[in-house]
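Shared chain: subunit A. Partners: subunit B in the first complex, subunit C in the second.
For the complex of A and B:
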């Protein structure tokens, strides 16, 4: 009799514990991402597997990453943040962290260690550029060109400076309508050493110099604001070469068979990852942390690379990168971090741009409209 | 012809004066009418008036600096912002306490972002200072704790600050710190915190009690911890060191911690003073940069004209308002361009819409219905689709250029540039806004009786005269209504110029969108929006003066 009571009590306790745990975690999540192929890679690599393990959880996507900073600020002011996890580029993560809109995290505490036991913060290393930021991928902004528009008798363009060389490579260019990257490339091609670019750009003369270099091609430039524009402009033959995200070029080349060539020279590395909005209710936060632990582990980040050619942010994921899920081609050589592609790269200085973005943007836009 | 002698007020049936009775009846009626439109009124207030008021407020609001750094800003009043010397040690000391609290509340980076709009580099200056501020006075704190390790003990602190049971409390300090934190964090710090400083210790150690009370309020309400169980912040210890070093007389004090305080005062006597200025400059050299301090002083008041000045390519300097350097001027050009292009679009809409509306109003019913569908069909199509379609039409490898090359009118190398410039924007926007011109014109024209023109003709007028002298003047109200509609829509247009405008065809609204969504400079966006609103209102007023708003008809 006593045994039975004990058994019953234990069962009751277990049930209570399980249901208490279930109550502690919300059963739905709103994830914010970029839409398109990138969001699809996230869906396939870790959202679907996570939902399969947790059948009573639902995940909703909101394709608002491009306006995430403004929307999150508006939600915060209204006191009703409906997002649980937001995918943003690193510079936006810094802004959100500065504005107090993103939660500060202890990476070692909430993220899985690498399979060999290395702490998460060491595994991600320098890529944790902000206390609020959990990096997922390394992508790069780089150039693609129409292989069939290369003038006869000329080598295809291989250096970023060919973009500024209208004599050898006549034709239109597509550049992003912002100073970031363009100013650095301009200075580099104007003869500034790579490690001095930001020192030079910090002076008025440096800005004038960069804009003067860009002035040389200004009449031939189509300025883009959305990453999808350049592949479209290249596909239409509207431009000869253009900058965009390497994953967009990969999909135009490998998936759509467009006559486009990659130029990896001076590719500008950037990061994309998650932030958790500040002040989430406890149950939602618990759910998000549970999901994050799973979604940012070594295997999941490596899986994501099977759907899109962006490099996993964990060092331990790199050896696990396999083949494209549909095309069956090895993804390694298409990663921006592949040694063959990364012979000459440009490292974007987040802190510097956070300080100087407003000022340089005013100058850049003023130059554009005049 | 009444022979009544009563000169008093006319009375209603129930004996009350008729006037009052009437007023009461009317008031009831008015209230009922108001109740009927109340939902609409509230809707308009909430969705229309309130956002505009909020925008106007944001364009001048600047409380964040004085809320985050109240003490430092107060000391800056005595600093002559035009001189060449840095602010004094008192400013840096005040800054230390402000920065410490702001960093605890994680508000320091916000004020950094705010000031970075005015002076590049302030953002990282604040970010670094938030991280490094607790290193200031490190050596002295170590010395204090070496003298007696009770200074690292939370219970000791709590007892000393609270005083013995039943002692008089310094509630003024408590509520002042609550208010200070509420301003800083923009949230309420009301509620029980389980601590109140004793009046006796507050008189003895004013700085320490202020700092400890701020710590207590923050710990209890924001961190939801128990004050007595948390070790005080470095800032509290620094405050104590300053209090003790200021030469206070402890001999009369016999409350908790009296012995330890005396001991500490003696022990700290030969410690060097805390050098706040050097401490901040050690965190980042930027604190030694005079421009940063001038910016802080300039943007310290709770309201600023800075955003509006920026919106008209001016800036605040210690020498007064000055134009921005030429290579940063942009808004003047954009405002002019926006007005010019909106006028061009309105003009081309009038030219294109007039014949269409005329046909619509004068063709037989069947044909005009068909035509009406042709007008409305694009109107029902998504704006983005129409804009993108223009891209396909106008681009260099697009339909029009291909046709022209095929016809031999244009050489293959000399394809026309019709997009990513003003031309493309005007074409696309004219097309998109055309229905807004056609429909008011049509509704006015369909009310013009056809026999006026017939009468004019029968009296010998030519076709032209009968149109120009008889028909056209009657259709002017339609043109007016359409023009106002199209112009006001055009001036605030955003998506089409963004897609087809390139660099020469963008509007001011594209910059507003940039400041809302990318740079997060909402104050500047609000100022630009307010100027745009004012421009529309002025034009509307001018239109009313010249044409007369009574002449506008929508049907």
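For the complex of A and C:
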């Protein structure tokens, strides 16, 4: 894993150097994101304020983050990169960086320092998992359940292992159609210690063991591929519990008043952030850098949390997280990073998955069809 | 003029057929209450008893039908509520009519008197099958419509909706469509791309069809096959090809790029429909026009065009709908600035299952129906004016 590298030698180039290019900036940007509530939070927290400060600039959204890697490859091959800034999950950023499709960055040079003067690279800390990646949020994949489908006389589910317990909690489950997270949860609930999960999963017996655990609930599983599916299935009462991104569950519970409860146990953290496509023309690059400097500063990332329950990636933003923009409820307790929610978490190992993804995907898919 | 003698049929026969229909209705109701088997038995029994009573004990059609109607409605209302009442009324109306329609032998009224029982059976089997296919095709579209009035942000028939409670319904998804700038931009894009693409398709397609139906053009079949190919080649292949080609030309991500791509997809439809109408076109008319001193252009617009117009219009309609419904090619050839309605719907479905999509779908269905009806009415009118229609 490429953690933040030591490019600090170039700190001589300061922010002033970036803003000095201000004369020659393109007046339009194409931003790529995920659509839905998440994109809306970006729009409200930093795109609208930025456009208000720069009235001659226009920003266009392209909701293509799900296929960003494939599309960037095609654009690169066609020699026609139309995107200026792309929102991707950390693992995609690493792939794009390795393939040379994303631009390598010096975080301290292009990003604002924290209000107390801490360098950006220290403020983001370990979350800068790739030289091309500028993290925005920490989100987690976790479980929600229908509160009105809990059998009588039984405690509501509180542990991830309740998902595998069909006797106490009968009913359908929604799980993501991929091995990541599911395999780890299965091993954990099969009695593997948390810090040994990846060692066990690295062996053939470990994979068999994880799949055997999943086999126990396979008949009751509805497999999902888009984050919107689980909230829909839960709202319909089609499933009793299901995994999805924590922000989706927050939205279904707090904004849509659905009878759904959160289960934070063994939530799996992941990161989402920006990459800049490689080899942008100079004027467009200058515009994007100007926007990025603004959009990733401490206050803007904290503002984003008023629209969606994802944790800001900067350490300095956490104390500034306030209330939900419309509902007026404090957002702190709904963040995946809140200490009360993060008592037992699962640290998803990017590096391990980068090495084993293809192999496990194949095994998982063939298990699915059998 | 009817020669068929309508006479009452034996009660045993009627009871049997009505019982079968009752079993089917019972299956539907029973499934909704998780006891399909009980539903079948009860449905068949109730229907058979009803048939026997109405045809033997109390044979007064008017009163009997009203009684069935009201009784079924009351039972439905009593056990389930408003929705059950409505369904009960529908069932009551059907069974009241069905029993006497069979019992009095009216079902033979429109059939020739010499048809055998087997032929009558086949006749109605055919009709029922057609109806079933029709329902199978249309139900997914119809289900969308009530759901689009959902008061919640999920694709769910909420208990309030099923109770026909006004609380469960709202126009908020329609409001969202008309007030949300993303949807409005998508609507504008669709409305500016589709007509232009249609115009190009119709122009080029009509010219190509006329050219290809003249006998002196060499390699007609080969040219035709190439022009039709966008219909046959998988869309994703055309889309990827266009993407790389248009990128080199600098057309990718531009308005004209999308218009040209959609025109290419629409041309085959125009060629096919216009070629079909040209088969019935008498070439001696153009010679006659030339004989009277009209130049080819005048001949085309004054003589040929009016006669092949129905083909041109329906081809144009297909081209319009192709462009209006197309999502694959525009995802490749367009950029975020040319987001059309189907693209916006695709995003909405993938990232956020919002009933706004259903509201849009309902509006689009309504527009399509209006469009097709208008064209059909215009066509009939012009045929009547020209005395081509027999009726």
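Heads up, the rule we're going with is that the second predicted complex is superposed on the first by the 347 of 370 C-alpha atoms of A that agree within 3 Å, B and C clash if a C-alpha of one lies under 4 Å from a C-alpha of the other, contacts with A are read in each partner's own complex, and residues count from 1 in each chain.
Throughout what follows, a contact is a pair of C-beta atoms (placed from the backbone, for glycine too) under 8 Å apart; a residue touches a chain by one contact, two chains touch by 3 or more.
Remember, it's a predicted structure, so these values are computed and weren't measured experimentally.
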Subunit A as common anchor, with subunit B and subunit C clashing or fitting: clash
First, second, both or neither for A:152, with subunit B first and subunit C second: neither
Touched partner set for A:97, first subunit B, second subunit C, both or neither: first
Subunit B or subunit C, by number of subunit A residues touched: B
Which of subunit B and subunit C A:69 touches, first, second, both or neither: first
Contacts of A:370 with subunit B and subunit C, given as first, second, both or neither: first
Touching partner for A:167 - first (subunit B), second (subunit C), both, neither: neither
Partner chain(s) touched by A:357 [first = subunit B, second = subunit C, both, neither]: first
First, second, both or neither for A:236, with subunit B first and subunit C second: both
A:61 touches, of subunit B and subunit C: first, second, both or neither? second
Contact residues common to both interfaces of subunit A (with subunit B and with subunit C): 66, 236
Subunit A residues touching subunit B - in the complex, by the definition given at the top: 66-67, 69-70, 73, 95, 97-100, 104, 172, 177, 207-208, 222-223, 225, 236-238, 351, 354-359, 361-363, 365-370
Residues of subunit C touching subunit A in the complex: 152-156, 182, 240, 243-244, 247-248, 252-253, 335-337, 347-348, 350-353
Subunit B residues within the subunit A interface of the complex: 106-107, 109-110, 112-113, 116-117, 120-124, 127, 327-330, 333-334, 337, 395-397, 420, 498, 502-504, 506, 511, 516-521
Residue ranges of subunit A in contact with subunit C within the complex: 30, 34-37, 39, 60-63, 66, 74-75, 77-80, 82, 226-229, 231-232, 235-236, 256, 258
